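First chain A sits with chain B, and in the next complex the same chain sits with chain C.
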Partner chain A sequence: MGHAYQAVGWNRQKKIYDRTLLLGVVLYLAVFLGVGFALHPEATAETMILRALGTAAFMLLHVVLAIGPLSRLDSRFLPLLYNRRHMGVTMFLLAFGHGAFSLLQFHGFGDVGPLVSLLVSNPRFDSLAQFPFQLLGALALFLLFLMAATSHDFWLTNLTAPVWKALHMLVYLAYGLIVMHVVLGVLQAETSPLLAGLLVLGMIVVLGLHLAAGWRERALDEPLDQLAREGFVDVGAFEEIPEACARVVTLGGDRVAVFRYGDRVSALSNACQHQNGPLGEGRIIDGFVTCPWHGYQYKPDCGASPEPFTERVPTFETRIVDGRVWVSPVAQAPGTYVEPARHPGRAR
Partner chain B sequence: MIRPLRRRHRLWIALLSLTLPVGVGLGLAARPEAPRGESRSSGLDWTKARELEGLDLSLLTDPSDASLWVRPSVDAQRPDVLVYLTSEPPGLDSLPRDAHLVGSLAGVRPRRLELGDARGSTLVLYSLGHQEVLGSAAFVER
Partner chain C sequence: MSAAREFYVGYLPQAPPALARTVRARVLLFLGLGLAGALLITAFQQPFSKAVFEFGKVRSFEGRIEVRPYPMLVVERPGAGDASRYLLVAFGKHGAEAEVGALAGRRVRLEGSLVYRDDQTMIELAEGSVEALDDSVRPEPSPSQAVDSRTFVGEIVDSKCFLGVMKPGNLKPHRACATRCISGGIPPILLVTDAEGLASYLLLTDAQGGPVGAEVVARGLVAEPVRITGAVHRLGDLRVLRADPSAWERIE
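Take a look at the complex of A and B:
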C-alpha cells in the first residue's frame, strides 16, 4: 500500500503472472517467425520481426481491453486484472519495437531524418487507400507511451486517481487509431479475408464485452433516492447482504458499499483510493474491507487503512429498522468514524 | 470507478462503437483490386530492367494520376529493390539527387504503388544493397 514506493512490489502472484506473460509472448514470437519463414522463405528478417512484434502488440491490446469488462461480468477473471499493468507495459514495449523497426526500415536511409520522413513523406490525407497510416500508429504509440510511463503508484498518487484514470482511458483512442492503422496499412496490401475477418472479430469482442458490462453496470446506477425517508435511503433487507460482503447502491450520485459483518452494518464509498477499484465486490478479511483488485484494506467503521498506511475513503451513517438497512446519502469526510448500525435480533 | 469516470468510459465506448465499424468498413471497401489482363510493363518504356524476371509491372491509369501495380510471379524476389521517380531521362547509371522514393518491390504479394502525376518523370528501380540502378522507364502516353 501507499506509504512508500517500490519500482515493483513483487510477490509470488506477480512473479507467476509475469512469467506466464513473458512465456506467452516469447512463444508467440517464436511460432510467428518459424511459421512465417517456413511459408515465406523469401521474406526479409526485418519484415518478419516487424510483423511479429506488431501482431503480438495488437493481440495483447485486445487481451488488455477485454480483461476489465470480463472481470465485471464474471469474477473468475479477476486474477487476470491483478497485474494488468504489467501486461499493458509489455504491450507497449512490443508496439515500441514494431514502431522502431518500421522507422528504421521505411524512413531510416533517406536524406532527411527518420522522424521528419515519417511526418512529411506521405501527404495523401485525401485518399483512404494511400492514407498516411503510419502517422496513426505513431500517435497511438505516443499515447501508449504516456500510459506505460505513468503505470506506477507514484503517478497514480500524484496525479490523483480520477486524473490517472482519465489519462489511461486514452487507451480507447489508441485502440481506435491502431485499428485504423491496420486497416489503412497492412490490410490495403494483404487482401486475405481471414486477416480482415480476424480484425473485425477482435473489434466485435472488445466493443461487445464493454457494451455488455456497461449495460449491466447501468442498472446499479439507477438512483434509489426516491426511497428517501427522513434523509436515509432504504438499501434492502439485512438478511439479503451476505456475511462479510457488501451490497453496492447509488446514493447522492455515487456508489456506496454497504457491508454486513456479524450483527453490524457499515457503509463506505465503493471507490478504493488506490485505483478506484470496487470495494463492494471485495470481502471483509481479518476485520478489514479488502479491495478485490489489489488487496488495499480499510476499517469498515471509519474507512481508514490500518497503520502505517494512510489511505482513507468516505463513510456513511447507517440504520437498521425492521430488518431493513437504511443509509444516509451524505458522505462523511474520508476516515471519519461512524458507529455501525446493529441488528437487534442478531446481537451476540 | 466513480460515476463521472464511468460516464466518460461509456462515452468512449459509445464513440468507438459508432465510429470504428464505419471507419473499418470504409477502409476495407477502399482496398484496390489488382487489374486483370494487363501485359508486362504496359504503359512503361524500359531502357533496361535486368535481374527482374518474374516481376510484372503494369501502369494502371493515365500518367497524370498513375498507379503502378507490382505482381511478382515467382518467389525469388530481391528484397532490396526500391522504386523511385525522377525528372531525369531514362538510361541512368546512378540514382539522381531529385529521385524520391515511391515504394519497395520486396515480397511476393501484388500491391499498388501510387505515383501521382508522373508525366515527364522516369521510373527507376534501384538496388539498395548493391547501390545500383537495375532499370529505368519512361511513361508512355496512351
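Take a look at the complex of A and C:
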C-alpha cells in the first residue's frame, strides 16, 4: 500500500526472513566449498566458486518457483511468500556472481572483449550437443536482471500490474533457459547420473507443484450462473461462510470473494490490486479485508484501501434471502460503495 | 488456534505462534534439503586433474628461445636428450610471441610461473621480465624426421588451460575459453585418450610445421571430437603433429 516509496521497507518479519535467507545462502556456499575442497583438493578455486554460486542460484530459483504453488496448496507456506522478492533478488545476485565470474574466467583477458567473445567463441548454433550454452545462461541472467530491477512496488505501480505481472512471468522462461544452460553446458562434462537426476528431480518438483496447484484452482472456476434469479446468483448459505472469512465463487468469468462479517455480507473482486493476491483467502482484520499475500487492505463495503492509500477493487451487490447469499455478477466500478446485505436473524 | 486457522500478516510485529512454529520447521526442512543438495553436487563432481599452475609463484629461468612452431624456452640439461623445452605463454589468453618473438635463438633470462601436467611443462611469463643475456644467435633446430604418420582421434585444447591453469581445461564447458586462448596465440594441443584413459599430447602445427591458431578457431574445431591425420615429429621432448588444418575432420 506504499504511497511513498522506500528502497526497502524492512519490518521485523522481513528482517527475520532476510537473516534466515542470508544464513541459508552462506551455509550452502560454505558446505559446497568446504566439502568440495576436502573431497577434491586438486580443484581450482575459480571452478569451485563458479559452481557454488551457480548451483546456489539455481537451487534458490527452485524455491522461488515452488513457494507460489505451495502457498496455493497450503496456506501455511504464505509467510514464505510474503517477502519472496528478496529471495528473488538474492537469487539474481548469486546468478550475477556466477555469470560475471564466468565472463571474466572464460572470456576475459583475451584478444577480443569479453562480451564479444561471449557472442562469437562458440559458433555451433547448428548442433544441439555443441550449442553455445553460455548464451542461454546470459539470456536468462538478463531476464532475471529485469525482474530483480523491477522487484519493487514503485515499478509495480508505474508499469501497471498487468505489465509488471507479465514481466515477472518471464521467470518461467528464465528457468527453461537455465535448465538448457545446465544440460548443454556443465552436464556435458559432469557425467554423474546423480547430477542429472537432481536436475530432473527439481524439474519434476517445480512442474508437479504447479500442476497440482492448477488442478486445485480449477474447482474454483466452476461457474454458478445457472442458479441465477433476478440478476443475482445463489452462492451458498450464509452459515457456510466462516466469520471474517470469504467464500470464493466465479461469476461471469471473474472470481468474487464473498465476505461474511457479523450479520453482514459484502462481495469484492478476488484479485488484490497489488499482485493479484487471492483476497478471498484473506481475513477481515480491524474491519478491513486483508490480503493473505502482502497484507494489503480494503474496506469490504466499497473495495477501497484506507486512506491515504489509493488501491481499489470492484465490488458486487449482495442479498440474503432465506439464509442464502445471492450476489450480482455485475461488477461495480472499483471503490464503489455497495450496501452490505444483512442477515435478519443475525442482527446484533 | 491451529497453524492452518491462523492468519499471517507480514507487517505485523509478531507472527501467530503455531504458524511460526510450523514455518520454522518447514524452513529448516528446506535448509536441510538445500545443504544436502550442496553436499551431493560438490561430492559428485568429476575428479579434478593433478595439474598445477603455480599462480603467484614466480621463478627465474635461463635458456635459449625458440619460436617455431611456438615460443618456447630451451634449457640444456645433463644426461640423455639435448634439452628440456618449456612452452612459453603470456598473461591471460595470450601467446608469448610479442614477448619473445624477436629473440629467436638468443640466450635469455626470464621470470614466470610454472604450469605443468604429466610430462608437459609451460611457463607463464612475468610481463617485461625477458632479458637477453648475449648477442649470440643459435639457429633453431629442425624437428626430427617424421617418426610416424598416423590418424588420431581426440580433442583440441589450448595448452595453457589444459596443462593446469583451468580445471577442467577441456570439454564443452571450457570451449569458449580454449577458443579465445588459441585465437590469442596459446599453442593448441591434440588431446588423445586411449582405451585405458591414458592421455597423450600432440602439439598441433600445419603441414609445414608452422603455427596454427586462426585456422582452428575459424573452423570451430576446438573442444569437439576431431580426427586428424598427419606426421608425428619429435622436437626434443615434445611430440608434434603436422597436418593441414583444412583436412582436420569434425566427428559428429
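The criterion applied here is as follows: the second predicted complex is superposed on the first by the 348 of 348 C-alpha atoms of A that agree within 3 Å, B and C clash if a C-alpha of one lies under 4 Å from a C-alpha of the other, contacts with A are read in each partner's own complex, and residues count from 1 in each chain.
Here, contacts are C-beta pairs under 8 Å (C-beta built on N, C-alpha and C of every residue); 3 or more make two chains touch, one makes a residue touch a chain.
Predicted model, so just to flag it, every value in this text is computed and none were measured.
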In the superposed model on chain A, is it clash or fit for chain B and chain C? clash
Should A:I285 be classified as contacting the first partner (chain B), the second (chain C), both, or neither? second
First, second, both or neither for A:F109, with chain B first and chain C second: both
After the superposition on A, what does A:T47 contact: first (chain B), second (chain C), both or neither? both
Partner chain(s) touched by A:Q188 [first = chain B, second = chain C, both, neither]: both
Taking the superposition as given, does A:H294 touch the first partner, chain B, the second, chain C, both, or neither? second
In the overlaid three-chain picture, which partner chain does A:Y28 touch, first (chain B) or second (chain C), both, or neither? second
Could you tell me if A:V179 is touching chain B, chain C, both of them or neither one (first, second, both, neither)? first
Max touched-residue count on chain A (chain B vs chain C) belongs to chain C
After the superposition on A, what does A:P79 contact: first (chain B), second (chain C), both or neither? second
Just chain B (first), just chain C (second), both, or neither: which does A:T336 touch? neither
Clashing chain C stretch [against chain B; choices 6-14, 24-32, 114-122 or 132-140]: 114-122
For chain A, what residues appear in both contact lists, the one with chain B and the one with chain C? 40, 42-44, 47, 109-110, 121, 124, 127, 130, 184, 188-191
In the complex, go through chain A and note every residue touching chain B. 40-44, 47, 109-110, 121, 124, 127-130, 162, 165-166, 169, 172-173, 175-176, 179-180, 183-184, 187-191, 196, 199-200, 203, 207, 210-211, 214, 217, 221, 250, 253-255, 271, 276
In the complex, chain B touches chain A at residues 1-6, 8-10, 12-13, 15-17, 19-21, 23-24, 26-28, 30-32, 75-77, 79, 101, 106-109, 111-112, 114, 128
Counting only contacts in the complex, chain A reaches chain C at residues 11-14, 20, 24, 27-29, 31-33, 35-36, 39-40, 42-44, 46-48, 51-52, 55-56, 59, 63, 75-80, 82-83, 105-112, 117-118, 121-124, 127, 130, 132-134, 184-186, 188-192, 194-195, 198, 282-283, 285, 290, 292, 294-295
Okay, in this complex, where on chain C does chain A touch? 3-4, 7-15, 19-20, 22-23, 26-27, 30-31, 34-35, 37-51, 53, 91-94, 166-168, 171-177, 179-181, 183-185, 220, 224, 252
